[in-house]
Amino acid sequence: MTDTDHLVSLRRDLHRHPEPAWCEYYTTARIADEVERIGVDDLFLGADAVNEAERMAVPDEATRREWADRARDDGANPDVLDDLGTGPTGAVAVLERGDGPVVGLRVDIDALHITESESDAHCPAAEGFRSEHEGYMHACGHDAHVTFGLGVLERVKASDFEGTFKVFFQPAEERIGGGKAMAKSRHIADVDYLYGVHVGLDHPTGEIVAGLDGFLAVSHFLAEFEGEPAHAGAHPEEGKNTVQAMAAAVQNLYAIPRHADGATRVNAGLVGGGTATNIIPDESHVEGEVRGETTELKDYMRERAERVLESAADMHDVSVDISTEGEAPSATSDQALVDLVEAVAATTSGVDSVLERDALGGSEDATYLMQEVQQHGGLACYLCVGTSHPGGHHTKTFDVEEDTLRIGVDVIAETVRDTFENQP
Amino acid sequence: MTDTDHLVSLRRDLHRHPEPAWCEYYTTARIADEVERIGVDDLFLGADAVNEAERMAVPDEATRREWADRARDDGANPDVLDDLGTGPTGAVAVLERGDGPVVGLRVDIDALHITESESDAHCPAAEGFRSEHEGYMHACGHDAHVTFGLGVLERVKASDFEGTFKVFFQPAEERIGGGKAMAKSRHIADVDYLYGVHVGLDHPTGEIVAGLDGFLAVSHFLAEFEGEPAHAGAHPEEGKNTVQAMAAAVQNLYAIPRHADGATRVNAGLVGGGTATNIIPDESHVEGEVRGETTELKDYMRERAERVLESAADMHDVSVDISTEGEAPSATSDQALVDLVEAVAATTSGVDSVLERDALGGSEDATYLMQEVQQHGGLACYLCVGTSHPGGHHTKTFDVEEDTLRIGVDVIAETVRDTFENQP
Amino acid sequence: MTDTDHLVSLRRDLHRHPEPAWCEYYTTARIADEVERIGVDDLFLGADAVNEAERMAVPDEATRREWADRARDDGANPDVLDDLGTGPTGAVAVLERGDGPVVGLRVDIDALHITESESDAHCPAAEGFRSEHEGYMHACGHDAHVTFGLGVLERVKASDFEGTFKVFFQPAEERIGGGKAMAKSRHIADVDYLYGVHVGLDHPTGEIVAGLDGFLAVSHFLAEFEGEPAHAGAHPEEGKNTVQAMAAAVQNLYAIPRHADGATRVNAGLVGGGTATNIIPDESHVEGEVRGETTELKDYMRERAERVLESAADMHDVSVDISTEGEAPSATSDQALVDLVEAVAATTSGVDSVLERDALGGSEDATYLMQEVQQHGGLACYLCVGTSHPGGHHTKTFDVEEDTLRIGVDVIAETVRDTFENQP
Amino acid sequence: MTDTDHLVSLRRDLHRHPEPAWCEYYTTARIADEVERIGVDDLFLGADAVNEAERMAVPDEATRREWADRARDDGANPDVLDDLGTGPTGAVAVLERGDGPVVGLRVDIDALHITESESDAHCPAAEGFRSEHEGYMHACGHDAHVTFGLGVLERVKASDFEGTFKVFFQPAEERIGGGKAMAKSRHIADVDYLYGVHVGLDHPTGEIVAGLDGFLAVSHFLAEFEGEPAHAGAHPEEGKNTVQAMAAAVQNLYAIPRHADGATRVNAGLVGGGTATNIIPDESHVEGEVRGETTELKDYMRERAERVLESAADMHDVSVDISTEGEAPSATSDQALVDLVEAVAATTSGVDSVLERDALGGSEDATYLMQEVQQHGGLACYLCVGTSHPGGHHTKTFDVEEDTLRIGVDVIAETVRDTFENQP
């Protein structure tokens, strides 16, 4: 039996210690402690949990060290921290019991670079568990996701099942930088059934969406142009102008042809360049993204975007270096699992509304894991556990109703149990 | 002594038969007849006068044949026409007399694609020598230039000199397509002193400019883009859009950096593309030009323009074919010859104003011949013989005062004589 | 009973006399003759059939006169031609019989500017009914549509019904220039049930699509820029450059933001400008189109496109005149009528496959009439009569299998009869 | 007689205390002290020296306060600092002696945002007078200019003259933000002869250029775009995209037509925009400059640039605010004064090379004062006092040879004396 008070207390502790992508040292250590308490057959941490080479959007060593040190100051388990160093974060917990299918649950664990509200109307502020890492906040509910993962692990352990159960605690979702690293780890290859979960998304407490779809595949890129400076008055012809290149690129990025197969997106979200009004600008950059309703459409946009960026550089005789900062494919929830979630939810205490499907309309890198499982013949499903959140996701007043924690654990744990039993 | 009436009658006959670049079959035959009448040591015509491989802006075979046929209909010498076929036009006439320097005079012979005025106020219309080739006109005075060449030839023959005198009757100046072909012929290599001449240029009858300068080097280009069509509603992504490529090129052509070393120019003068509103346009073109105060500046612009055109094509995954349609370098008149012209002009009857130098501010491919002579150690000078022209150059009411013909022949012939004598 | 031979012969005559938008003088006269033969209660022609003021994409007077004269030469009824003059084309035929609903059928009558194949493999060439108007062709099957209209009219006349039946013979669909003029005529206001029909669309002979949807709303525009010329070498700053304006417009037209509500399209299909390489171009134009999955999305694109065109003109200090060359909204087939067509088709001889619905994916201005009917509370449906066409629509080898004529008339006439009877 | 040691010591003190535009509090106080020591008839400081309303490129209050406080910490005269507050800097010193012309000398006093070299090869570092304001440096020699101003003041005071002598200590030349404010003060209106001076400019110690010309008129601008953010995946159409506007502006700024009247320049030197890859960027900016060989050409460029910026904003439905950050006209040195300087320099000890004229090829806002004097009928001249500087101007190793200080004071003071005497 899950202790609801424990779930609440756990989530509040995580909420006080938000950590950005690939810096979730406190969070990973806290997960490790809880998993040890619960008792599992295997626990993989950091470099043993993810494929280190496939990480994206990794901050520099100094930043990672800063967060690892902060975790130590915050009292995280020093043995775990020693183990992690400044390497990858994340964890995979495994329960093995006889012959049977492999069922997985994926939750994400990172937080955002947002300053949390101090208003009394904001529950974490009023009840004393506001972020202690000023400027960072669990503003998307990943603190609840970790809690779901641990609560379900404990419940599944206590249940009757034959097979293997794995919980994937994935780092760096907010930068779409961790999904691939976890999908390309050795832990996903044998998973037969995979569940992902998100809290909220404008669904109230008591509402469950059995299968989310409409994930836009996405790719973040950084294009850095490098040219030659020159005095703009005395020798304009000697410059190699990266701002001209950047401007040509921006104009033509937005003009990539629309595609008959479905929705595409492009944005040059962050641009900059130059050093002084009288110097031909020798450095500029575009940080942007492309999306597609399918992975193919995203790839189409990405390929065209690279062509535009490289040609714009050529046009002004400058170089450009294009790197991928984060990426996620599209994915679809399998009907057999959606049916199962729907059936379970319909009989779960506290659930008063069940939607079969809804569209996300954004991006999420759980899709890497879903795709990996589906490609080797398994089934995947991404469900939503409603929570009446006062502020929108990614705002400073976002919060999770604590009743949701119990409901989520109930629905997911029971769904996992049914999956072992029915093997749909 | 030159017969002024003959000069007038000759120029009027040429005026009635204007021919465009590389189609001067009547004109070349007429020149040949006159040269035969005068009597020279050598006369080279067409392919023997110019370097056929170096021609630029050559119209297609059908067009050339049409003009050759028209020359025959107009009563041009059939022997010369048989000789020329549909090949190059132009002529080089040579007088050789003992040891001495080689002096050359270059005149251009082609007309423009302009419909001549029918107004009574326009002398050629009033006096019955308006263009008989509707839509074409000697609107820049090259009829007078040919007349200068023949008049000077006759006068130099009648004079005392030791050395060689050559008159270069150059085709296709208006398209800057003939200068290089004549400069790269075998006739220019031994020229020690070269004169070029233009009539008018806003200088009145009786005014001589001893040395013109400020020729902008120029290059005409044609860029033809080729892509793939597609239905703009049903499959926009399948098109390879040449109008997008062309637009990106135009924007960036005009944005080629200014140069500290002097004036540059660029123009996308003629553009077009596409087939229907609902088809992704698979063909487009830009016909344009670049210029520079020096040949180096023109080359700078040309190189940058090609880079822009090629990158714009790459950007939209289409191909581009860039061809040179005409070209001319910059050039400067040598002071020693300018001094000589100035001195002669000052004592010529009918000349009441002599300017040492003035700037052309446009382009002219006599510069190819001037450059060729100067590069092998010779001297060159381009003079202007004023004429009070009622309409501007390249307008339908342009005309030449006939007094100018005698003045021009006097000044140039005497200058040539002095050149043989003084060898400056 | 319909005479199939007559349908074939009629369609072949129309095929021999293709006429472009708003020039369908022969076609209109031929329709008038047939309608007279059949006998109706009312026949409205030209200016009485359409709202003259709402025409779009109307060619100039000289062009219309040329086609009217050609119709006379081709033996069209001179009384009808006298009546039409050089005004609007098109016809509305009306059968009235007692009280009952008003049912309408809309067919389009114009041809395309395409040169028809002369290959023996192309039936009209082999069997002697290839286009006699060289350069024009019924390459989209509107000859069959007119035949459907007349065949159905004759069959409905022969049937038992209570109410009013109207056939709308609409001009200028290919330029989306006639739909609005017919929708805004006085004949559409009382229509309760409207059918539209297209032949082919990659559906084979024997296949019927009961309800076509997915019409993209569309708007064709012509933007004409006017600036000031100047010599590109001598005074580049004095020009007002319309090619720069056009290029800026093209780049930014394609870059109009995608819309979350659905598919949008934009194309600068035909562009041109300038007069000579050395003149700053003082005239240019863009002929293009925008589309949207809904009329609102098309309007969004149109509004943004106008903003881009006007700002691009301002940017280069030139003027721009933007005109609408053709337009059509989006529309949806009503389920009640789709059901009716489906039921009829299922029992029609020669029909071996019935699809409930399919997407057009293009544009069609029958939507104006459908929208008009639906807005005043009526129902509308657009069906497709399959035909195994050897070449694609709008290609020179497009053709209609003649069996289709009978099948189409059977399905539509029976559907109309059922509509009167069931009034769904 | 001027004490050379004092000049050196004074310049070294100024060199230790570099201050940026409009923050020259220490410098102004130091000037005031020296002027008091010398003794003058009038001394105007700050708001009494310049026209406060005409200042450009003024940093914010907080920055000015920071530098004023630093000046106090550095031991600047507190009375002067109290007087200046955080208002304008700069000074005008006046000597009046009987009837006679008004002669002026203008020197500039501000430093640059450059970190000075710490190398032993760099004399200020080696000899202990390196900048004490880390990150700021007298890297253009204005410390020498102030020294010239004070040295000349002392020498003129000691000399025999009839008339009025004024020294203008102008702030903010590096940002071309102070010239206009000083030119529009009440002190310039009666000046009959004005001298400006620059040290170095690649001329070695011992060389004097009597008259500098070729100042490019210049205008710095800041364009700030403001639009609307939106989620780039979920609602791209709701954004008003300032990065698209900025890109369109940049492309078209560089494409402003070249001008036949002379050289023009444009540069988008510093650009930036946006907040995140997945947000439509709602803020962007371009900081740039335009230049012209004449003030008219600069105005042409400025007017066109504003048109481009405003139209680009309109095109993407965003607003733009354009401000002038600094400005300077063109100017020419008057021959009569150039002759005078040349004559004096030729006989000055330590001068071994005198050039009559040279071109600056950059910009300088002394031109505002020169223009003001010339427009009311006075004469102006800008001379250069060579110094063998090891690093280029605006580099971290720039330095002035100290012999130059004496030579500069000798040449200028004697020129001023001759001006009073000869009144050219």
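We call the chains A, B, C and D, going by the order they appear; numbering starts again at 1 in every chain.
We take it that a contact is a pair of C-beta atoms (placed from the backbone, for glycine too) under 8 Å apart; a residue touches a chain by one contact, two chains touch by 3 or more.
Just so it is clear, the structure is predicted and the values come from calculations on it, not from any experiment.
Engineer: Which chain maximises the distance between its CA centroid and that of chain B?
Structural biologist: Ranked by distance of C-alpha centres from chain B, the top chain is A.
Engineer: Which pair, A-D or A-C, has more C-beta contacts?
Structural biologist: A-D
Engineer: Express in whole angstrom the distance between the two chain centres, defined as the mean CA positions of chain A and chain C.
Structural biologist: 50
Engineer: Let me have the rounded angstrom distance from the C-alpha centre of chain A over to the C-alpha centre of chain B, please.
Structural biologist: Each chain's C-alpha centroid was found; their separation is 69 Å.
Engineer: Which positions in chain D touch two or more other chains at once?
Structural biologist: 234, 236, 241, 244, 248, 251-252, 254-255, 257-258, 260, 265-266, 280, 361
Engineer: Under the definition above, what is the set of chain A residues touching chain D in their complex?
Structural biologist: 216, 218, 220, 231-234, 236, 241, 243-244, 246-248, 250-251, 254, 265-281, 284, 287-289, 291, 325, 361-363
Engineer: Show which residues of chain C lie in contact with chain D when the two form their complex.
Structural biologist: Its residues touching chain D are 234-239, 241, 244, 248, 251-252, 255, 257-261, 280, 300, 307-308, 310-312, 314-317.
Engineer: Over in the complex, which chain A residues touch chain C? Could you list them?
Structural biologist: Contact set of chain A toward chain C: 251-252, 254-255, 257-258, 260, 263-266, 361.
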